[in-house]
Amino acid sequence: MRQLDTENLGFARIDHHRVLRKGFPEVVLCDGKTPAQAAAILLRLYHAGQGPVLGTRADEQVWRLVQDEVPEFTYHPLARAVYLRRGVPPACGRVLVVSAGTSDLPVAEEAVLTAELMGAEVARLYDVGVAGLHRLLAAQAELQAARVLVVVAGMEGALVSVIAGLVDKPVIGVPTSVGYGTQFAGVTPLLSMLNACSSGVAVVNIDNGFGAGYLAALINRLGSQPDT
Amino acid sequence: MRQLDTENLGFARIDHHRVLRKGFPEVVLCDGKTPAQAAAILLRLYHAGQGPVLGTRADEQVWRLVQDEVPEFTYHPLARAVYLRRGVPPACGRVLVVSAGTSDLPVAEEAVLTAELMGAEVARLYDVGVAGLHRLLAAQAELQAARVLVVVAGMEGALVSVIAGLVDKPVIGVPTSVGYGTQFAGVTPLLSMLNACSSGVAVVNIDNGFGAGYLAALINRLGSQPDT
Amino acid sequence: MRQLDTENLGFARIDHHRVLRKGFPEVVLCDGKTPAQAAAILLRLYHAGQGPVLGTRADEQVWRLVQDEVPEFTYHPLARAVYLRRGVPPACGRVLVVSAGTSDLPVAEEAVLTAELMGAEVARLYDVGVAGLHRLLAAQAELQAARVLVVVAGMEGALVSVIAGLVDKPVIGVPTSVGYGTQFAGVTPLLSMLNACSSGVAVVNIDNGFGAGYLAALINRLGSQPDT
Amino acid sequence: MRQLDTENLGFARIDHHRVLRKGFPEVVLCDGKTPAQAAAILLRLYHAGQGPVLGTRADEQVWRLVQDEVPEFTYHPLARAVYLRRGVPPACGRVLVVSAGTSDLPVAEEAVLTAELMGAEVARLYDVGVAGLHRLLAAQAELQAARVLVVVAGMEGALVSVIAGLVDKPVIGVPTSVGYGTQFAGVTPLLSMLNACSSGVAVVNIDNGFGAGYLAALINRLGSQPDT
Amino acid sequence: MRQLDTENLGFARIDHHRVLRKGFPEVVLCDGKTPAQAAAILLRLYHAGQGPVLGTRADEQVWRLVQDEVPEFTYHPLARAVYLRRGVPPACGRVLVVSAGTSDLPVAEEAVLTAELMGAEVARLYDVGVAGLHRLLAAQAELQAARVLVVVAGMEGALVSVIAGLVDKPVIGVPTSVGYGTQFAGVTPLLSMLNACSSGVAVVNIDNGFGAGYLAALINRLGSQPDT
Amino acid sequence: MRQLDTENLGFARIDHHRVLRKGFPEVVLCDGKTPAQAAAILLRLYHAGQGPVLGTRADEQVWRLVQDEVPEFTYHPLARAVYLRRGVPPACGRVLVVSAGTSDLPVAEEAVLTAELMGAEVARLYDVGVAGLHRLLAAQAELQAARVLVVVAGMEGALVSVIAGLVDKPVIGVPTSVGYGTQFAGVTPLLSMLNACSSGVAVVNIDNGFGAGYLAALINRLGSQPDT
Amino acid sequence: MRQLDTENLGFARIDHHRVLRKGFPEVVLCDGKTPAQAAAILLRLYHAGQGPVLGTRADEQVWRLVQDEVPEFTYHPLARAVYLRRGVPPACGRVLVVSAGTSDLPVAEEAVLTAELMGAEVARLYDVGVAGLHRLLAAQAELQAARVLVVVAGMEGALVSVIAGLVDKPVIGVPTSVGYGTQFAGVTPLLSMLNACSSGVAVVNIDNGFGAGYLAALINRLGSQPDT
Amino acid sequence: MRQLDTENLGFARIDHHRVLRKGFPEVVLCDGKTPAQAAAILLRLYHAGQGPVLGTRADEQVWRLVQDEVPEFTYHPLARAVYLRRGVPPACGRVLVVSAGTSDLPVAEEAVLTAELMGAEVARLYDVGVAGLHRLLAAQAELQAARVLVVVAGMEGALVSVIAGLVDKPVIGVPTSVGYGTQFAGVTPLLSMLNACSSGVAVVNIDNGFGAGYLAALINRLGSQPDT
């Protein structure tokens, strides 16, 4: 059994046990690995499991390598994700992914894809930054319909504070590196979100759409599993 | 109606509408206000509402001022909170508040108190830092029984990564300012938690036990409200 | 003439010429000077000029020293200012000083006092932070009536972005050191304001109510002096 | 009406209402958007409005895409701006854009272009850094003739303090990333300007010529609209 | 004698005396030098000494230049090292090099190579990060068998704290730049390791596999040289 | 057995198993705990174990509390340590603790005490900073006689680089917060030591004399335990 | 001889040889030492040497301790220096110490005292910050008469750039911690001075009047010792 | 006359007066300017003056442009300088430029070239970092022969402290960006040099060989101009 849990490829020790512990297989952060390493791990996860397979921050080369062997793999160029939709439970609940601007879309789409692969129903509300507040106020119904919200924002990240002041659901802030100068590649909205004057907010790493989508799906699932 | 929503004390504009929008009344961050200002706001919230009242980062003087008028107010010296337990719904679900060390208790207790006032059942698991990993491994049952976990840690904050690798529930990391030198008053565990190699984690501001407890209660509530 | 311009007290070289160059006499930053030094400079400005006299970041001891000699001096304890209202032109225009929270009042009041001494009509709009957005939206008329706005905010400073998205007048952001942890004594709202997604914003130093009030009065005056 | 206000392109939600709220149409920060996205937004602003259109931080490819459809668009390679001069009111007042050195020109020109499109008369005073102070002192007349000054400086940014000590008009400091080592890509002049010992100064983000030009035009306009 | 100690190449002053003082010849950090400079120094070390020769952070071009003259030189592309295994004492003791993830391998391999060239027996334990703790717990025997451990980790670097809590041997932490956003190119695991709640840990510079391998070999050697 | 390992005091979970895993009982960082908490933990360690007991960063009040119950406890005011020398093995090997200046003594003495309690023979070499290099060169014999060196330095910490260039033994650098201005409470020597141009160096947290003494004793012990 | 050079007090190793190497005896940084330690070192320097004795950053208690034994010692409360003027060569050359404001005087006076004790003739030019540029321009003769200039400035430190643009002599910049918010206790003028657009400038640590005065005296002396 | 002083090229205002004020013509920092701008300024300085012409941080293209018109211009590829040696006074005094390593040579050579063009006799002492201290101690005569020393060092920059402890002449520290990880592109040696425990040191910007060479030549000149 224990042998089965961990598969040692030499350069990687795949954690097949994770699906039991965490309810979702290991996800591969492809950045920093060679394409060959990333592809090998993705393919082992494919062959050894029965659920979805996801590689983030992957370039097209990784996709080509896995697709050569398993044509069902898909590439999402904006989100830079290689994935295979398999064994996904029926969509439940409602995760709302909000973006402040157009430039935040790569991160927002990574969140959408991750949450969907984990079984969440996901809706999008894009480009509703506070410079034009009426865009957001016009979307009150969508905000209230969500069970959990992922708010993706660069620049100063003020959108998180405003939204968290309007809803009574958990808000996950995702700072992005969109901006220049003192935006410091995402540090400014990160700090802004950590100090949000509205309550009910927590934050993930800069540009970490995956982490936000994953956590949103975990939370969303709670609402579909009545207390035992 | 709208007049009722906001009460202008001159130095403060109390948001009585918040209980409708957010499901919980305004909470008063007493630090930075004069004791007289903090007490006045707490008392207005008491008189105008019917739910719990909570003031955080309050010194004893604030408590004495409110207690003079409303003796039911309580003071929690470790968590530095002034509060009144009123109109709290029956405890539901299970929030587990974990601390890495003894010095993290003030923050952990702030989280516990907040979540309880918002209607969560809360359990504690204290002083299980990774320097003695067997302490944590011995508590697997408690970890698995939680619907959402608040993990409070100073020093390097590694406990968050380890716990998030063991459970399939949302983990809220609270970095504390416990440590010295390059701990930088909490920056180190904050960065550590933001970069946790385990998924399912989000983070609040340094020493923000209130924010973590609040968010945990929001998430916890989802599990007790079967999907409509 | 030139001798008259500068008065050398040994430890200070008073710039009496400033009222000609800048339209307002030298203002004394008392912090960092001994009370005796601060008082001596204030008194020289009093005796040599005919306009208002202002000392900022002054403790009560400075005030007592100047008051001993010139009883007309006033002390504003919240703003920590020693001043003498003399030779102030009739109030014109409209500067609106907005604060996000109660704890921002010391800085906001410093801005109010400075702008008033420089001849501006000043209105206040306090405690309208974005956690309760309806408080701000209810004050649209006051926002639109201003010729220039000073927005004072701690925590994450999101109020500046929201207000600048609603008005077509200059907005001066004043970050305050109100908050804790990653608020970093005002760095967070400073960065937030510098990266505001709304246009028409500029920023002064953390807690610099004086600088904002001064600049607001300069801008406000332009609107009362039709183009020549 | 409200439908008209916001146009949803899927990847962008154009704020056509902005011209009413802010007196100037939405400006497009092209950096971070794909050229196709940037061009599509610029063209929608062109077709839906009647005023000027401006895209900042745009490369030539954006310009080619919009020019294919609307040949009247111009490209300013130094300022990296795509724009169309249309519906600009007659120039009024006087904005003076000052630069410390030759390398600051891209940022200075962005400020000039923005202020001109918003209806300001703009003059330039370039390469008058404090290393050769006589260059600046020889330009006293130009300094005094301005209604508002934009001072663009890299290196240590001392020019802002010196100029603000000489004039009684608002000074907007724009730190640039010109320099090396501890200049930290503009952080040094930003800090320098925020701590200017002269009063009457506010600051925008590093390299943000657009923001400074925009704000300068707002302030400049006040002087041409006698108080009502 | 003294002339012999230092050889002046003009651009470099080779420290041939080092093998006497430090027990190991000078190692060449090739990064920052021209390939010609790096190769010239490596060749002088080869011709003047009798022990191993090592150049770190070298690209292939350095290797080709030295190989042209001395074909015995080897290139390790992953570790980016040029080296010649000569005069290495028989392997003794046991250095264990542990990596948290696959992306940490270049740094880990640099440590392995360095320690081996200095006479240590080295074992590898790769990809045992705390997200899948059972991988580490399954390797207890390997951990206990080591005389000194080098732990290489990016992300949040929590592996160091966990391992140091399990062994009674020295642990050398090597933070790597693997990660993104607030990982800040290795600053996060560096801070994490410096604040490890387990004792018996010291840290080297980010990505400094060489330094860790060198120090590990020094420590390892102590265990093979019974006290005199 | 397992029950025995961990003792739950409510506010603390004492790790009695540590002496088995690590070869030394848990050490109590008293700072951040109340004196009563610190004393209670120290006393439990005393009663449950048979080895030395050590509390670091303790004020005198902690000592008085433990001494009331166990008079054998000693207080070291310079090192701010409460300790009991019991069950210490006969001193072996040679740890040399070097300090750059007089102000570094509190940290150096903490290292000395810790290493001695763990069974090392310890020598001191104090105030040999590089401003007077001959002081260090005169101590070559002492440097060469050590099996492991702890080098404690504030200011710029250059002493570590110089010493590590002279010896072939492990050097543990301890940066201290001695200095002012850009010394940044120890950050400067920390960075300096991490980038030491000499090899064989690793670093612990700022002012962490305990950590350095502990690690030095671990390393020192290897030299007294001939390879098995 | 060598024994004579260094005197070991246990907690300090006095470098009596320094006067030969450096031309000036060891100076004692009293901050961080106990008053007893500081006094003991000062008295040993007094008894063993024949030149001036200087202790910086000393409080009055150090002075009292040395004065008890050697009444000739003087205390300079503003500069916080304990000193004895003995064996100072006849004043030569001309060091000009300039301060931007009144609050910079403690640092400026430390520089004056140090340079005087080392044999320089020193002149003062205080409170000539760039906010009132005419104060500086009126002092051109004093600027030109100096052989070396020490410029002490807090806030943004622009005075250094302006002065270095006017003279052809070395300028030593001393940033001070005078200011608030983003002045960051002297970091802002430090960065400003390091990036001065005028050439001929070097910088010492924040508030390091001693270091600047010392270096200025070294440079000044060169001008009085015609080339040999 | 005044017209002559400043020549306005539109994009640049050449300060021909500088040679009178500063004793050396304007030097052109080419980085950040277009090659055409840099070349135009260099050529104007050539035609209008009679002394040396120097452009720093120039690529070869700038050199080609100026050489097309004035073939006497030279390019120094290592120092990245374009220059013309003309009207240089006879070399006097002795500036010693010291480098810690081979990788510091580009910066060191920029210092050498600048000081030579300003009339100093310059000697080099390269690759004498403290890892092999005997290299430095063997060069005592060269150190003592210098009138002023420029010490160029990357990594941790300890060389400055050691040298300043050995000589009684001014030492100018130049931190370089040589290193990796926490070297932070030169911040580490900058901080190290600012906190040097030896006195007589001042520091210039990271990699600023020009600034150090310029200042060294100013100081060196003092020693050749007996006091008037």
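Letters A, B, C, D, E, F, G and H mark the chains in the order given here, with residues in each chain numbered from 1 onward.
Convention: a contact is a pair of C-beta atoms (placed from the backbone, for glycine too) under 8 Å apart; a residue touches a chain by one contact, two chains touch by 3 or more.
Computed from a prediction, not measured in an experiment: that's the story for all the values here.
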item: For chain B and chain E, chains touching each; value: A, F
item: Identity of the chain that, by mean CA position, is farthest from chain D; value: F
item: Size of the rotation, in steps of 5 degrees, that lays the CA trace of chain D over chain H; value: 90
item: Most distant chain from chain B, judged by the mean position of its C-alpha atoms; value: H
item: More contacts between chains, B-F or C-D; value: C-D
item: Chain centre separation in whole Å, for chain G relative to chain F (CA means); value: 36
item: Distance from the mean Cα position of chain H to that of chain B, given in whole angstrom; value: 57
item: Shared-contact residues (touching 2 or more other chains) in chain C; value: 101, 131-132, 165-166, 179, 181-183, 187, 190, 194-195, 199, 205
item: Pairwise chain contacts, counting only pairs that touch as defined; value: A-B, A-C, A-D, A-E, B-C, B-E, B-F, C-D, C-G, D-G, D-H, E-F, E-H, F-G, F-H, G-H
item: Interfacial residue positions of chain B with respect to chain A in the complex; value: 21-24, 27, 92-93, 147-148, 165-170, 172, 190, 194-195, 199-205, 210-212, 214-215, 218-219, 222-227
item: Residues of chain B that touch chain C when the two form their complex; value: 2, 5-6, 10-13, 15, 17-18, 26, 29, 31-33, 37, 41, 57, 177, 185-187, 190, 205-208
item: Complex contact set, residues of chain H against chain F; value: 100-101, 129-133, 155-158, 161-162, 164-166, 179, 181-184, 187-189, 191-199
item: Of all residues in chain E, those that touch chain A in their complex; value: 101-103, 105, 126-128, 131-132, 134-135, 138, 154, 178-183
